[in-house]
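Paired with chain B in one complex and with chain C in the other, chain A is shared by the two complexes that follow.
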Partner chain A sequence: MAAHSNRRVTLLCRPTKHLSSGSDPKAYWLVGSPFLPPLTVASLLLRLSSDDLHKESVELRTLIPKGFEVIGALAYGADADAQAAVYAARRLRKLLYGEEEGDNRPVIGAVAAGSGELKFFVSESGKSNSLEEVDSVVEEEHSEKYVWENGCLVRCELPIKLPVYYPLKNTSDVEKAFVRAIEAVVAKLRDSQAVYMLEALNKTSMDLPAPIVIRGGHLDFRADLSNIWPLAEGGDNFDVNSLPCSYFSVISKGSSGFSVENADTIQVSVLFNSLGPSSASAVPVAEYIPAQDEARLLVVDIKLDVLCYASKKLPLRHAVSRLIIPGLADQLNALQNSMLPNLLGQHPQIKPYHFSPPHVLHPITVFYELSFGETEMKQVEVRRSLHTRLGLPFDRPLLRIANALDFSKLKNGGLGSQQKGSTLLRDVHIGIPNSGVSGGSVSLVQGSYEYFHYLQDGFNDSGWGCAYRSLQTIISWFRLQNYSSIEVPSHREIQQSLVEIGDKDPSFVGTRDWIGAIELSFVLDKLLGVTCKVINVRSGAELPEKCRELALHFETQGTPIMIGGGVLAYTLLGVDYNEASGDCAFLILDPHYTGTDDLKKIVNGGWCGWKKAVDSKGKNFFLHDKFYNLLLPQRPNMV
Partner chain B sequence: MVKAVVAEETRLKPIEDRLAQSSLPSEVGLIIGKFSSGLDRAFVFDLIPTPNNDSGDPASSISEPEKKKGSKSDTSSLFIDKDWVAEHARQVSRMLVGGMKVVGIYVWISDGAFKNSTIVLCQTVKVVAEAAVIVEAEWDERLLLHICYSPRRWSCRNCSLSSNITSSSLRPCDFKMGKVLNYLQTFKCMYNFTLRLPIFHDNASKFHTFSDVLRHAISLHAKELKGARALIDGKLVVDGEPYSTDGVHEVELLLPFTSNTPFEAFSQRDVVGILSFSGLVCSFAYLNSKEPISQAITDIKNKVFSPNFTNLVSFLVFPIPPGVTPCAQGDIIMSLQSRLDIICDEADADSGSGPDVGREASSDLSTEKPVSQCVLHLLRKGCMLPFPRRVFAPWLAGIYVCDYLQPSDTVEVLKDHCTELLSMKAPTDVSTILELEKEAISVKTKSFWDVAVPFSSAIPQHLEKSKTDDSRELTENNKSANSGHVNLMAAIFILLLSILLGFVFFLQKS
Partner chain C sequence: MAGGGGKVSFKVILTSDPKLPFKVFSVPEAAPFTAVLKFAAEEFKVPPQTSAIITNDGVGINPQQSAGNVFLKHGSELRLIPRDRVGASCMLRGV
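Now for the complex of A and B:
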C-alpha cells in the first residue's frame, strides 16, 4: 500500500459532478497551473482517445491556455490504477512540455471507485515509481476568486501573411517550403530584434498605465514559471524588465465578480525593431535574384490569437517569453499540421477563438475552420467533441463563434448590452420587486430575451397581436442563446409560415386573426426546429397546481413559456413557489403594453412583474372560467 | 493655413545687408523652413539664392518695356527662369532632412515690379511646389517673401496652390523676425530595413525596369512605415512630456511584425525572381519645441493624417510628438526616393536623353545598359544596384544637410553641392562631415531559395546552406575517398599478387 503524503490537494472544480454524468468508465486529465499552489486542480478534461496520447497532446496543446497545464490524471478503478494514471499524465506532460518538465513536477494520480469515492495519489518525480496517498483534500469554495484574484489574462493577436515559394517542377516541395517559412516565423519571434509592446486592455479607458516595451534581447526563455515570481517581489525600482503583470491591473478590488470576463487583460503586440545590428549598417542595396527554375508564390493567411493566464506577480517579460511566445509557436505548429495535407488544394480559413464556458475556470482556445460555415456537420462534430471533453451539456450551443470572448468590445469601452444594433429592451425582469411569496424558491428563464410588445416598429397590432409578440420574445431568446441566427419574424412572416406548413389557408396572410399556443408550436418547429411541450388546463384555477412542473421546466430547459388559451396571451418568465405552503407567483411579461420602451414605465405599470394567482384584493389573475394552454419550448439537442 | 511666419533673424539680416549692398536689380531664391499645422505657423530658417543657370544668366531679371510718355508708374516686370528655379528647388530639397522643407520663394525686387509680376511669381511658386513636394502635410499653399528695396521692407504672402492663379491667390500674412534655430530639437533615426518583393512571370504589374520596381517597393514600404510605432530615447512617448532641445534624441521605429504583403491570401502566381532591398538609412528630423505635444497630436489626427483613419488610430493610441515620426518617416522615404532619382538621372545621362526605342526588343542585358533600366522579369541573371551613400554636413546652428555620394564620389562632391546649391561656405573641416552609412559591402549573392524564406536575414540562413554544402562535399569526399580506397586496394592486391608470383617463380627456380 502506498505511503501517505503530507501534501494537500486543492480542488477548484467538482470532479464528482463530472463523474456522475457517465456510466461507462472514463478517464480525465487534471488541469492546474504553475501560478497556483502545487496539486491544485482547476478543471477536469475528459480524455477523448484512450490509446493515442499523441493525439491528445495535439488537441490539448492549443486548447489549454498557457499558464495552465496538465498536472495529473483521473481514472476509474482501484488504488492500483493510480500508477497507470500517473504514468499516462507523465507521458502526456513530456509530449506537451518536454522531457524535463514532464519529469520534474509532482503529478497527481486520482482514482474513482465505483461508489464514487475519490482517492488522490501523488508522484513527486518521474524518476521514482513510488506513489503517496494524499489524505488532505480540500474543496475550495470560491474557486473563481481563487484563480482570478491574483491572476490576469495576457493576450496576443498576430495575423501573418506568409509568402511561400516553391518550385513548379516539384510541387510537393511546397510543404517543405511551408515548414521552413513557419520555422522562420518562430525564429523571428524569439529574435533579439523582436519587440513586444504590452498595454492594458480595459473597459474603462481612463488613466490606463502607459504601455511597456519589452525587447527580444531581454527575454529569458528558460525562466521557471512556478519559481521566479516570488523572487520578483523584492524589487521595487521602475525597471521595465522586472515589472510584474500587476502593473497593468486597473480593476479596483472587489468591484466586480471574479471571472474570465472581468479579469485584467494585457494586450501584447509583436513588433520588429528597425534598429538593426550595427554590423549591418551598410548603405541600401537593391538586388535582383532570379529563380533558377520556375517557381510559384503562395501566400498563406495565418491568424494567431493567444490567450494566457498569468499570476499578477509574474514579471511581464516572462509572460512574454514563457507564455506568449510558446503559445504563438504552438499555434503556428498546430496550423501548420492542419494546413499541410492540402496546402495547394484548399484555402483553409482556420481561426482561433477563445471561450469561457460555464463551470470551466479557465478560458479555452479552439481553432475553427470557417470555410463552410458553423452548421456544417464537420464543425458540429468538432463542437460536440469539445462539449464532451469539457463536460458541457449537448443541448446548449456554448462554443459557437457568437459565444467567443470578444476583446474588441472591451477595448471600445461598452460592455455590449446594445450589441448587434438591436434597440429593443432586454431582460426587463431583472431588478423588479420580488413576488411576496414567503419561503418560495424562484425558478427563472435562463439567458437573455428581448421584450416584444404591441405597437412596436410602428406596427399597430393592438387587440390581436399579443401571441405574435410572445412568439417573437421566445424566438429572440433562441437567437440570443445562439441556437439560431434567423431574424425574429414579423407578424406577416409568422402567418406566412403557418400557411406554408398547411395549417392555414393562403388568405390568412395579412389578416388580424389571433393565433394560439398550438400555432406557436408549429412556427417554432418550422423556423427553429424546436419542439414544445403543451400543458392544458381547463380553468385558470388549476394553474397553481402546475407550479412544480413549471419550476422544473425553468430549471432544466430555462426557455420562456407562452401562456395562451381562451383569453389573453402572456409570456411566462419564471415561477416562485413554496412547496410547503403551496403559495406561488408567476413572473409575467405582458405583450399588451403599448407605451414606449421605457424600463421604468414597464416595471411600474406592472407589464413585467410577479403575479399571484389571487392578488391581495382577492382578484384572480388567471380566470377560472377560461381554459389555458401553456407552451413549453424544449431546447433542441444542438451544440 | 499659415497665419504667421517667424524667420531666423541671424540669417535674414545679413541677407538683407548683402542684397542692399549689391547692385542687383532682382534676385530670386528659395525659402527653407518648416510648416507647423499645429500652430498655424511657418518658420523660416534661411533663404538660398538660386544660382546662375547653365548659360551663366541669373535666374531672374527685370524687363523694362519701352516707357510710354507721361506714364510715371513703374512698368518694369520680372522675368524668372521658372524651370531653373524649380530645378534648384528639386536639388535643394534632396539635401534637406526631415522637418526642413522648401516652403516657398523669396524675391528681391522693387514694389512696382512686384505688383506687375504677381502672375509670374505665383507660377514660380507653383513649379517650385511641384518640384519640392511636401508629402506629409496637407498644406496647399507656399510662401512668397518679398524684400522690397525702396523702401526697404519685408512682406510675406501666402500663395494658394489649389486655386487658379488670380490676384486673390496671394494673401498677406504676418511676418516677423526672431529666433527659430535655437528652438529646434534634433531627432535621429538609424533605420534598418529589409524588403522582399516577388517579381511575377506574367508581369501583370506595370513595373518593368529595375528602377520602376524599386519605386514601387519604396512606396509599399512607405505604407508599412505609416503603421510603425516610435520609441524616443528608448521609451514610448508619454503625452505632454517635454523634450529638451539639447542633444540628439534617438528615434527607434517599431514595425508591424509581418509586412502587409499586398497580395491576396492564397493567391498563387508564377515567380521569376525576388527583389531584395535592404540596408540602413540614417535619418534626421528637426522639430520646433514650441509645438506642444498634446496639441500636435490632435493636429496629427485632424490635419496631417486625416485621410487615413488607421493611421489616426495608431497615432492616437501611441502618442508621438509632432513632426518627429512623420518627418522621420518622411525623411526615410524621401531619402530612398532621392537616391533612386539620382540613380535614374545618372542612367538617363549615360544612355543619352530620350527613351531608348530598342529597349523592349533587346531583352538581353546589354553591357552598356545601366542596371536601373534592366527589365527584371526578362533578366536571366541576377544583378545588384547599390544606392548612393547619405552623408551629412553641418549647416546652420548645427543643423545638418545631407547629400548623396556614389561609390566613386568623394566628399569634394558634397562640398561642391554645398557651395553651389546652398550657397554656403563649404565645410573646411572634413571631420565635421557625418558618414554614418557605410559603403556597401559586396555580399555574396544568395540563392533564390535562400532569399525566398521569409525573414531569411534574421535567421542563420548561411548556416543551413553551408550545412547542405558541407554534406554535399562530405558525400563527394566519401566518393573520392571510396574510389581512392578501391585504388589502394587494387594496388595492394597487385603488389601482393606480384609478390606471390615472384615468390612462386622464386620457389620454382629454386
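Now for the complex of A and C:
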C-alpha cells in the first residue's frame, strides 16, 4: 500500500470534534502556516461547495488571513479517498496561490472513515502522484501558545476614494475604466515610490519602539516565507530593511495569556511618495490627459482592511511585500467583483471585519454588506454559511459586527470599562472566593451580564422589585451576547408588557405588585423572543437534586437562571457540584442589595457569592416548606 | 391524544401533588389556552391566577394563544405548576 513517511503531523485543533456522526460525506480544508512547521494543522474549514472549486477559492481567498494557508484536505465518509483529497487541495492551492506554490509544498490528504478514525497521508510534490502514510501524529496541548508565542499580527487599513472617468456617450465603458483603475491601484502598491510606515498598535501606555519606514524599492515580492534566515544582529548599522517583526514586540506577556486579542499587532500605513529625489530643481508641473468626449467622474468608496499573521522573526519588509500587499490586492479584486454589477447605481456598502471566533486559532476576515442592516435575510444567510464553514454553533451570535475585533481602543484587561455607555457593574462573580465544595465541578454562566439590584437609578423598588431586577440582569445578558439590542426595560415597561399580553389587568401598571418566574418567561418571550424552561420543585430541599440538570444548563445554554420561591427571587449564576459526594453550592447573585455599586462591598457582603444548600451552622439556604420555580432561559437559534 | 372535529385534548398533570394526578380536557381548537388553564385549575381545586401550565419538558407556555396552537407546538402532555410571586425585602445576607 502506501509507503511510510518520516514526517510528523501536528494537530493544533481537534478534527474529530468537527466530525459529527452524520452519514453525509463531508470534505474539509486543512489550514496551516508557512511560519509553523510543515504539516501543522491549525484549523479545519468545511468545504461548502462540492463541485465549484473556483467558488471556494473566491470565498477562502479573503477569509483566511495571509500568513495562514490551505495545506491539505480531509475527506470524511465511507468512500473517503486520500488521493482525491490531495488532488482537491492542490487544485485549490493553485487557484489561491498560483501554479508553483500549488505544486511545491507537501500537502496533507486525510481520511476519516465512518468510524471516525483519522489517517494522514502526505504528498510531497504535485509533480508525482505518490502518497505516503504519516504514522507520527501529535496532538498539541497548548495550541494558542504554539501559534502566538512566536507569532504576531500585521494590520493595514487603507480607505480609498477611487476616481473613475468614463465617457458619457458609452456608459458601459465605465466597467472597463473601473477595472483599469483598480489595476492601477494594485500596481501603485508595488511601485518603488510606495512607502510603508510601520508602528506598534498602541496597546498600553508603555514606551513603544519608534515607527519604521520601508520604501517600495526595497521590497522583495518573491521572498520565501517558510525560509526565514535568522538575520545577523545589526551592530552599529541600524538597517531598517533587516528589522524583524519582533522589533515591535512589547515584552509584557505574563498573565494575559496567548490569544489573537493579546497578540502583538503591527499597524501598517500606506503612503505614496510623489516627490522622488531629483538633481535639477523644477517648477511644479500639472499633468493632464485630454478626454476624447464628454466624460463623467464616478468616485468609488473603497475600504480595505487586511490582517495578517507573521512570525516574529520575519523581516518587516517581507511582511509588507508577501503578506500586506497581496492581502490588499486580493481585497481590491474581491471588492471590484462586488461593485461591478451596479457601478452606475447604488454602490453596496461593503466593509471588511476581522473576527476571532471561539475555538478557531486564527482570525478570519469577512466582507459585510451593510446597506440593509445586519438582520436582513441575506446577511443572516452569509453568517449562517460562515458558522457552517467554521463549525460554530447556530444558537449564538459570534460574527456580528459587535463581535468584530476592535483595534482602535487602548487594550486593557479591565472589566466593564468599555462600551455601551453603562455604569453598571459587570460579571461581579469573577474573582470571588471558592465555594467550599471539595472535589466539585464548577459550571458557570457563559458570557457577560450586568448586576441589577434594589434602589438602582434612584428607583425605590425595595421590598417588591427583586424579580424585576433579576429579569433585568437576564435581559442584560442577552444584550451583551448580541442577541438583542433592546434597552433593558424599566419596572414600568415590564409591567406594561404583561398587560399587553393579557396576563395582567391594566391597573397593574404603576403598582408594586410582585411577579415571579412565570411572568419573567412571558416578558422574555414578548420582548426578546426567548423561550424558557421551568423547573418546579415542591420543596427547597429538592434543589440540590437538580444540580446535575443545572450544571448541564450552564454547560450547554450558559444563561443566568432566575430562582423564585418562598417570597424571594435570586439570580443563579452557577453551581459547584460533586457528583460522588452530593456536596453542592449555588452561585447566587442577590437582587435585594440596596447599597452602592461597589464591587468590594458586594463581594464582601456576600451579595454575589457561593451558597451551600446547608451552611456551616446547619441553616438551610432554600426553604424546605416552600416550593420553588427555576426559570432557565434558552438561547434562541440565531446568528 | 388526537384532536378531531375541531377539538384538541390535553392531559394535564398536577405537579404539586406527589401522587401526580392528571386530568384530560378537550377544548375547541380556537379556544384561548387560558380556558384550559382555568378548567384544569378548577378541576384540581387550585386558584387559576396562581397557576401556570408548562410542557412535559418544562418549556413555559404563553396562555395567550389558541389551544390548537399550543397543541401543535407543544403536544398534549402538560403540567400544572403553582406560580411563585416574589419580592420581600427581608432576605438572607451572605453566609
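Everything below uses one rule, namely that the second predicted complex is superposed on the first by the 597 of 639 C-alpha atoms of A that agree within 3 Å, B and C clash if a C-alpha of one lies under 4 Å from a C-alpha of the other, contacts with A are read in each partner's own complex, and residues count from 1 in each chain.
Here is the rule we use: a contact is a pair of C-beta atoms (placed from the backbone, for glycine too) under 8 Å apart; a residue touches a chain by one contact, two chains touch by 3 or more.
Values in this document were obtained by computation on a predicted structure and should not be read as measured data.
After overlaying the two complexes on the shared chain, residue contacts for A:525 are found with chain C alone; chain B is out of touch. Of the two partner chains, chain B is the only one that A:165 touches; chain C does not reach it. In the overlay built on the shared chain, the residue A:283 is in contact with chain B alone; chain C does not reach it. In the superposition on chain A, A:466 makes contact with chain C only, while chain B stays out of contact range. Shared-chain residue A:303: touches no atom of chain B or chain C. In the superposition on chain A, A:195 makes contact with chain B only, while chain C stays out of contact range.
Of the two partner chains placed around the shared chain by superposition, chain B is the only one that A:295 touches, whereas chain C remains out of contact.
By the touch criterion defined above, A:177 lies against chain B but remains apart from chain C after alignment on the C-alpha atoms of chain A.
Partner chain A is touched in their complex by these residues of chain B: 189-193, 196, 198-201, 210, 214, 217, 228-229, 231, 235-236, 238, 252-258, 260-261, 263-281, 317-318, 336, 339, 374, 376, 379-390, 436-441, 443, 445-449, 451-456, 458-459. Within the complex formed with chain A, the residues of chain C that make contact are 15-16, 18, 34, 52, 54, 57-60, 62-64, 79, 81-89, 91-95.
Taken in their complex, chain A has these residues touching chain C: 454, 462-467, 501-503, 512, 514-519, 521-522, 525-526, 531-536, 538, 564-569, 590, 592, 605-607, 609, 611-612, 615-616, 619, 621, 627-629, 631-632.
By the touch criterion stated above, chain A contacts chain B in their complex at residues 158-163, 165, 168, 177, 180-181, 183-185, 187-189, 191, 193-195, 197, 199, 210-213, 270-276, 280-292, 294-301, 344, 347.
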